[in-house]
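Lettered A, B, C and D in written order, each chain numbered from 1.
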């Protein structure tokens, strides 16, 4: 990718810089020398055949791959926080801080086996929030952002597992949003849902563009056409 | 601060794990240190090949080693065909209802206390053996191994069953498509595929029967003689420990108990190594 | 393969199934035939009023109550000792251990799980003698020593079940909280352990059964023929399985023998109950049952 | 949650253990006494010890008496090491043992060791020579002794047994015991083993003999209480309860009880000859 030439020009709008990233899984190279930039407040769609490392690439942006056994990575990822680019793999960079600023939503909805309210409030619990009122407000706000508030406001304390698939996925988005992340990673978020539920999430994402930088892996070209500002096709050709 | 907490948490979890490892070693070291006086000066060989006669200053535990081997191998010898038959029945041959019933019974059998097998053995099996063979007291290798076979069979059946069930369905479909009968499927497809599991079941059960105390103590008669026939009364290493524990702590007799412990520990380690070997061969 | 062989193999399998079922029904049937008659309240409490016995106001001198109480305290003490250690070690093995530490530890736990219970008992006994000689002459084979030895016996099972339940959690459950910024320990505490609780619990129930059932360990470490309800951790005690073993060879009259059958039925009942409980808690029991020596 | 449950359970256990310490009762010589007596060793003693303990604990529930077997060797060793309060032995402790541990001996009854067979066995008398041949394994079939054509099953006790020591010394004249002999762990176990084995032969404390087994006369002298008492039956021994140093407190009261009228009655009931 000929990023270097445009670097100075686009520098002001760039949120994430990936430089010469290599990735191996069980001694098989999945990603080779990837260098990419992601622009702030845009939706970037990553498309391509399966097995080309799209999902893996997402996990290099929040270091989640480190929890996958037999995986190895080389390279550099920088994300802009408060006006300065920071190397997220630097020793001094807090892993939990990173995960709180870079939210992630998975292919299949994965609510924890607790109530709707507790699911959404869970990241606050992890971050050590104690003030009940503040937590309540934040939960409401996140659920509203995820278009879920109206549907669940009367049954916040029911088990999350009784929601429909689309609702569960929006719950997971609300949960990812509650800590007000600056980057949101989505790994085929609509592929396990029916078309209507998928459409709601698409609208929701367009709305969210104002708040964060969104990177979405998708299989559906029509979906990409509807929402993406930029499209990147894997495998990347250098 | 957060990082500090994480480190502490890991440490708190690590220590019990380390403690358990130390425990494993400590048991070995205890046996070794206490049993040492009997083995000093290259007398270990003498110990495991000599016979037992404290009155004459002989503390060899060869008869007990032989007794342990005899009972353990005979019980596996009985349990193996029984378990193969039952596992085949459950996995392939029996109709669904009976298969489920047998499966649950077998699982439940693993929970029956050993002492109950021994208790019933004394009053039910021993008189039968005595009357049947009219030779000896009925407290013998045969009684103990029959009961022990019953004790280890459930474990063996469960391992066999699991390995039978792990045979890929595509193999079974292939056999079905070629018009194979259930028995043919069993003999030509399932059993060859489940070889590793069968080995593991046998080794695991062997380990259990080597380490069992109560059945042998209650049913084998505990005589200190190298066995000549299955109707002879013998003493196993485990029963020897249970019987001699009561003697004078300073005596060499008492020290021989630790030699028994050491040998049982060794048997166990050997069993584990064999299990691991079979397991690793299977995954390659 | 001709028809004859097929018929033979079929017949053989059916014969095996019938032998196994026949043998176990013989054992249990015989037990009930001989012992059902004595299953009454006075089998447990003798001629002491049950309430007085349970409140420990009066001693039960010719009933199974002291043995049952002994077994109860023994099981409680050893499981509560082994549980925190086993849980922690299991979590460590599944979530932290890696590389050579993992290999060495896991091998050592396999060894520990396989050590014959009589050897564990011998270890406990020698510890008691060692402590008696070098620390305090109040220590001798007793409830404390037996409880510790039994804890050593079940420790590897608790470690294994904990480890296994955690390791079989699906990757997506594992990553959920991490992606939300949970630290490793938060993930364990809020997600992984609660999610695998049923597996761990069924392992613990099996461990309870194993403590209640084991005879070889306690016969070396402090179970005696007569002691009454244990008064402290440092006293000798009676236990149900030891009582059965003792009666099997030392009964002096038919009545004593009959109480032996009664005790066997009670023990069998307790163990079956625990086993069913574990089964209910988690159905995928087969793997653990394999490691039940 | 779980942690809370754990601590509650531990607490409950403690309460249960503690509760048994706080009771009261009274009677007889054990009036106002409380505490524990630990008894181990000789298995011939067990019926008497159990009966005495039951009576004492019925009268005074504050006293705890624990009784374990093991054999005379164990009794002597454990009392010497201070592991128990009273170590019973069915043989007189050796001078070496007495000196090493400072044992005090209390011989509260006289007992014999007699040969027993199954009640259906036709052989009811043996000479000493025959007995030695049976136990050394030279005679292996009942036929040559006038019985049916059955293999003889010899039962013996372990080295810690005082009964074995006495029998070996006085009946077998320290002759060999065959390695094929079955081992049993106590007098009670010996009796029940022989009672169940039609071809068995073994030796047991005279006090333990009852209808379930047949005694065998040795050189025409039957192992009965009278013959033991009169000294006609040679395989006799004392039943000892040993303490380390002079008995004190509860232990002394217990030993005294064995010598009291009530204690002597118990000994007699259980088939022993109480000594003065």
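By our rule, a residue touches a chain if its C-beta (ideal position, glycine included) is under 8 Å from a C-beta of that chain, and two chains touch if they have at least 3 such contacts.
What you are looking at is a predicted structure, and each value in this text was computed from that prediction instead of being measured.
S.K.: What pair of chains is linked by the largest number of C-beta pairs in contact?
M.R.: If you count contacting C-beta pairs, the leading pair is B-C.
S.K.: What is the identifier of the chain with the smallest separation between its Cα mean and the overall Cα mean?
M.R.: Located nearest the centre of all protein C-alpha atoms is chain C.
S.K.: So what's the Cα centroid distance for subunit A and subunit D, whole Å?
M.R.: Roughly 79 Å separates the two chain centres.
S.K.: Distance from the CA centroid of subunit B to that of subunit D, rounded to the nearest Å?
M.R.: 34
S.K.: Let me have the rounded angstrom distance from the C-alpha centre of subunit C over to the C-alpha centre of subunit D, please.
M.R.: Between these chains, centre-to-centre, one finds 32 Å.
S.K.: Averaged over CA atoms, how far is the centre of subunit B from the centre of subunit C? Could you give it in whole Å?
M.R.: 17
S.K.: List, in ascending order, every residue of subunit A touching at least 2 other chains.
M.R.: 96
S.K.: Could you say which residues in subunit B touch two or more other chains, in rising order?
M.R.: Correct list: 2, 123, 249.
S.K.: Could you pull out the residues of subunit C that touch at least 2 other chains?
M.R.: 84, 183, 249, in rising order.
S.K.: Once bound in the complex, which stretches of subunit B touch subunit C?
M.R.: The touching residues are 2, 5-6, 9-10, 12-17, 19-21, 23-27, 30-31, 34, 81-86, 88-90, 93-94, 102, 105-120, 122-124, 150, 153, 155, 157-159, 161-162, 181, 183-184, 186-187, 204, 207-208, 210-214, 218, 238, 241-242, 245, 249, 257-258, 261, 264-265, 268-269, 271-272, 275-276.
S.K.: Taking the touch rule as given, give the residues of subunit B at its contact with subunit D in the complex, in rising order.
M.R.: Going by the criterion above, the answer is residues 51-54, 63, 123, 126-127, 130, 134-139, 221-225, 232-233, 235, 243-244, 246-249, 253.
S.K.: In the complex formed with subunit D, which residues of subunit C make contact?
M.R.: It comes out as residues 55-59, 61-62, 73, 76-77, 80, 83-84, 132, 137, 140-141, 224-233, 235-236, 249-252.
S.K.: Going by the contact rule at the top, pick out the subunit D residues touching subunit C in the complex.
M.R.: The contact residues of subunit D facing subunit C are 6, 9-10, 13, 16-17, 19-21, 23, 36, 38, 40, 43, 46-47, 50, 53-54, 57-58, 61, 64-69, 81-84, 184-186, 188-189, 191-193, 208.
S.K.: Residue numbers of subunit C touching subunit B in their complex, please.
M.R.: 1, 5-6, 9-10, 12-17, 19-21, 23-24, 26-27, 30-31, 34, 84-86, 88-89, 91-93, 95-97, 104-105, 107-112, 114-123, 125-127, 129, 152, 155-156, 159, 183-185, 209, 212-213, 215-216, 219-220, 241, 244-245, 248-249, 260-261, 264, 267-268, 271-272, 274-276, 279, 285-287, 289-290, 292-293
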